[in-house]
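Okay, so subunit A shows up in both of these, paired with subunit B first and subunit C after.
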Partner chain A sequence: MRFTVERRLRQPRWLTFAVPVGSLVFAFLVAALVLLATGHDPASSYRQLFDAAFLSKGSLDQTLIAATPLAFTGLAAAAAFRMRIFNIGAEGQLYMGAITGAAAGLYLGGRGGPSAFVIAAMVVMGCLGGAVWAAIPGVFRAFFGASEILTSLMLNYVAAQILTYLIFESESYWRQTKGFNATVFPTGKPLPPSALWPGLSVHAQGGITLPLGAGFALLTAVVLWVLYRRTRFGFEVQVLGDSLGAARYAGVRTRRKVLAVMAISGAIAGLGGVSQVGDFAHAVDGDPNGLQKQAYGYSGIVVAALGRYNPFAVVVIAFLIGGLDNAGNTLQGASFPSGLVGVIQGIILFCALGGELLVRHRVRLVRRAGTPAVAAAPETAP
Partner chain B sequence: MNNSLLIVLIASGVAYGTPLLFAALGELLAERSGVLNLGVEGMMLVGAVMGFWTVQRVHAGAAVTLILAVAVAAFAGAAVALIHAFLVITLRASQIVSGLAVTIFAGAAGLSSYLGNDLNLADVPANQTFHAFFPGTMQNWPIVGPIVFGQTPLVYASWLCVVAVAYYLARTRPGLNVRAVGEAPGAADAMGINVVAYRYLHTLAGGAFAGIGGATFTLAITPQWVSGITGGAGWIAIALVIFAFWRPELCLIGAYFFGALQALAPELQARNISLGPTELWTNSIPYAATVVVLVVVSSRSGRRRLGAPAALGVPYVREE
Partner chain C sequence: MTKRKLALAAAALVIAAVAAVLALGTSPGSAKSDAAYKVAFIYVGPHNDGGWSQAHEDGRLYVQKALGSKVQTTYKENIAVGAQFAQTVASLVSQGYQMIFATSYGYVTPQIAAKYPNVKFEQATGTLVSKNVSEYFGRAEDTVFLSGMAAGAAAKCNTIGYVVAYPIPEVIRHANAFALGAQTTHPGIKVKLVWTNSWFDPAKEKKAAQSLHGAGACVLGQNVDSPATGQYAESVHVPWVGYDSNSAKFAPKSWLTASVYDWGPYYLKRVKAAMAGTWKPGFYYGSINDGFTKLAAYGPGVSAATKAAIAAKEKAIEKGSFYEFTGPLYDQSGKLRVPKGTRMQVLKGGTNSLYGMNWLVKGVIGSPKG
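Entry: the complex of A and B
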């Protein structure tokens, strides 16, 4: 008796929902075992976690703050990964978007233009910054054949160094150089009022503010869905993802498409960066223990994978993972084990990745090598 | 003379380069068998915390304790690598996503921090640490003193590992088999090589090396436990494997070069030498140089002579 794994010819639709949900449940069970093994009470830890993430007063505000950047980086990863272009540079593209977007906000906001105009300019500049940074590995991939996986990963660190340099090691345009605080600890120059992004107040849970960035993220999800499902461009890119050769024979300009997908992915990550500045930080955060510690870009890839690269699922998952992140930050302390949130997120991911096999393949028990216990025929039925 | 900038840089390059070298050797073994593991940072941190835990809890002679600590670190790193191996080899999950998941699971906000907290390891000095192996008089010899004789036993062990891995990959039957598995798993399978077993073993070996690399921090370089103590060394190690064209002997040179770059900024500051935005370029060079190397090895002639294992990142499925 042994197990064999066969590729499914058809993927039943219910499985694409059942497997992620099953993985999630399974993951929480495994994490409960970890908690038990180290002498914590799983039930109370989970209750604390859930309360701090979604239920207690003001928790949803914080969860939205954690989830918005994850939605952007998740969508950025989904936009590329779906087409088998593995842009893992969302981290660096987010920093670049934050830098260029903040420049627009500082410059135009300082001249007293109308707020809508300043914000629009920030969005455009942020997208541009991310897109240009993503285009570097894009060009290397399209014209030199260098794997975008590793080049985009490396450029994250270069971007992080630039970000730190602008605030900590130079007197750049982005750095606050006036005032008493500036001499104590280096910080970014605060954005002028007209460059701050407004939020939408909702009367629930004692007042929740929906950040403008969260709205942009939803809009981005819709645009991505339309772009990839309803346009010629999306179709061509999809063919490219499935088979480079087929796309080339069909006359698709493959190099341009690779570059375009990288730029789109980078632009979304860059928008996440400028939303970070406009919505939440209100200045460029160059502290290596600040924005960079959050690792939104890397978590975004995981969010995208959990959402199976579907833009709408990505937004939902970003909200859930953002809730976990927020709970981890709030609870960190004596009664709650630090690092637990990372452990749970990791286990969820492992389960989801393992579950993916069940969507694409079927596992069956075989009596002896080569002779299936069950006839393989029904699988081909329409 | 031993205080001249160059000597100090080389000596600290060797010291700081050692964790990079261990981790890179491990990643090299995994990648040569066709498995890309982006979880190095996470595996290093788990190795670092478990190695430190061992020296705090085991009360035996210094040598025994330290050897045990390194063994525990290697075991812990391999245990984390096993998750990655199972996901990508048996379950054929995406190597990129799985590797990142390993880093999230085990990294600075995950298991390593959880363990450090749960085992009460933070903010205490290490009971045992690695010291320079040779007597003080030899360490004062000009040039070779600080560079060669001023190092901890872990450094000498890493040299042995480089020789061993280089010999293994170039001169032994299993080593040649690994390369076959990484370049053309189908052909290797047809030759009767067990592709799955080779990939498992080398991914685990990669985890073990990463664990030792992490323990180099907590047992020798900064002997204490702080969450996230490796500070991104795992990512530099991944860069280093590429920078060294997937060759162990070049890993050694690259590791010391990257290590010396890390030491350069504080050293220049201490000597009041200004070379522009020092930290910006010293910290960026490892990554920027790796990008350049990647572009070079991807060219048509480079790919054949210097390039990555052809099946790197590709799951092997026999029947498809």
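Entry: the complex of A and C
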């Protein structure tokens, strides 16, 4: 007897819900074994986890802070990966968006423009910053055939160096240079009040602030969905993703599309960057132990994959992963090592991603001899 | 059809089982110590990093041991500045923590302090004193100077390598103190810097140590949190001066000494004050005299003559008859920065103060801008 993994001929609808639920349940059971083995009560650990992520006072407020950037980087990855353009550079594009968006906020806000205008300019500049940074690997891919996976990844490190340089190693426009505190430890110049993004206060759980960025993320999801499902551009992009040759034969201008998709993906990540500045940090965070340590760009790839590149699903997944992320900070402590938190989070993500295989494939038990009735599918692994 | 129903039923069953486990689960930790005063410590690196965070963790355990069941302490490790710190504080406050020691600068912002007016924040190495924020640190420059003397004496060549974190005044003044110390026992010696742009990054620190050794450094020192530099030094048989904690066990042969902190007594004093309702925000700057900073026990490579020289200087520092940041002090280009007889102050004096120093002394190789 042996197991074979074969492609499903039909994908029943219920599977798209049952598989993730089953994967999560499986993950929690496996993680429970790890918790038991390390001497922790799984039930109380899980309860703490859910409390800290979604239920306890103020938890949703903090979960939204963690989820908003993940929604942007998730959407950025989804926009590109759908076309099989593997933009791994959302991390760097987010930094660039933060830098260019903050520049607009500092400059225009400092001149006393109306808040709505300043914020609009920040959004445009942030998108532009991310888009231009993403267009660099886009050009190399479209015109020279260089792998965008490598080039976009490498540019993340460049962007991180630029970010640190602007705040820590130079007296740039973005760095706070006034006051004694600024000399003790380098920080970004605080945005003027008109450049701060307003949040929507909800009177629940002791006060939840819906960041403006979260609203932009939802809007981005709608725009992406319309763009990919309802326009000629979206159709061509999907054809391109399925078969480059077929798209060319049909007259799709592939280079332009590659560039456009990279730019769209980068613009979304860049918007996530300005949201960091406008919504949360209120200054450019150049500390390598700050924004850069969060690695939102890389987590966004996981978010996009779990959301199956569907914009709305990506937003929901970002919210869940944001909760998991936020809960991790609550769970760890003197009696619960942070490494164990990482292991639990890793098991959950790994199982959720691994389970995706079962949506399109099924595992079948095959008897070795005397069962000619069960013919193996052509894709059967040896 | 039946298959589908079976799968749905199975899924529902498992969900129900998990829900039941969750519902039945009790949280034994929450009920037991509601009366205890809750104090949290937030670390930039792992609590057992063998350096900075470990020294703070020792301080936490000191408080817990001294006050027993009257306090409940915990720590959060590897916390990033910004969003993650804010999330961590929010969760600690919702769990009833009333006092938070943030052990790195950049953590507490005026916004966070204002958001939780009833929480007492204590932040290491900063200057942000306000209604509910205290700042604390100490004269490690004195003991770093003494550890520099040990490094200078052990050097058989003319270059010492010094692995440094961020190009900020705190690190710059320690690098300067280290170089001044090395120059007293080894006149004319150069101290070469490599920046890692991180408090805790063993891989980067090892690479920095490697490149310094490759560039001719025959003694290594550091102002970063992990003992990676020491482990590398041990592997190439080069003497090493640590920082923050006694980490001789990571490099028993290479270990010379280190400037170490004793945070415990300060923590205990502040927690007691907070419990008694007498806590007031302030700026604490400890020293050798009150036991806040000291020199760790020497390793095998420190000669008796060096020990005697260091002991004499330590006495002089204690008495106040010697202070390493007394003019004349020259910068890298040879320009006189601090005139003869002037003693540098902690906060006053702009770039000529301990907290504002943005220039490196003569004999240091590297850029104060990173």
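Quick notes on this structure:
Here, the second predicted complex is superposed on the first by the 361 of 382 C-alpha atoms of A that agree within 3 Å, B and C clash if a C-alpha of one lies under 4 Å from a C-alpha of the other, contacts with A are read in each partner's own complex, and residues count from 1 in each chain.
In the analysis below, a contact is a pair of C-beta atoms (placed from the backbone, for glycine too) under 8 Å apart; a residue touches a chain by one contact, two chains touch by 3 or more.
Please read all numbers here as calculations on a predicted model, not as lab measurements.
Once subunit A is used to superpose the two complexes, subunit B occupies space that clashes with subunit C. By the touch criterion stated above, A:V366 is placed in contact with neither subunit B nor subunit C. Look at A:T38: by the touch rule set out above, it reaches subunit B but stays clear of subunit C. In the superposition on chain A, A:F140 contacts subunit B only, with no contact to subunit C.
In the superposed model, A:S338 lies in contact with both subunit B and subunit C.
When the two complexes are overlaid on their common chain A, residue A:V316 makes contact with neither subunit B nor subunit C.
In the superposition on chain A, A:E169 makes contact with both subunit B and subunit C.
Look at A:L218: by the touch rule set out above, it reaches neither subunit B nor subunit C.
The residues of subunit A shared by its contacts with subunit B and with subunit C are 164, 169-170, 293, 338. By the touch criterion stated above, subunit B contacts subunit A in their complex at residues 36, 38, 83, 87, 91-94, 96-98, 100-118, 227, 232, 235, 238-239, 242, 277, 279-280, 283-284, 286-288, 290-291, 294-295, 297-299, 303, 308, 313, 320. Within the complex formed with subunit A, the subunit C residues making contact are 4, 7-8, 11, 14-15, 18, 21-22, 24-29, 44, 46, 73-84, 86-88, 90-91, 93-95, 104-106, 111, 125-128, 166-170, 197-199, 347, 350-351, 355-356, 358, 369-370.
Here subunit A touches subunit B in the complex through residues 7, 38, 86, 88, 137, 140, 144-147, 149-151, 153-155, 157-158, 161-162, 164-165, 169-170, 293, 298-299, 301-302, 305, 328, 337-343, 345-347, 349-350, 353-354, 356-357, going by the rule given at the top. Partner subunit C is touched in their complex by these residues of subunit A: 12, 14, 18, 21-22, 25, 28-29, 41-44, 46-48, 50, 52, 56-59, 61-62, 65-66, 164, 168-170, 180-181, 183-187, 280-282, 285, 287-291, 293-294, 326, 329-330, 332-335, 338.
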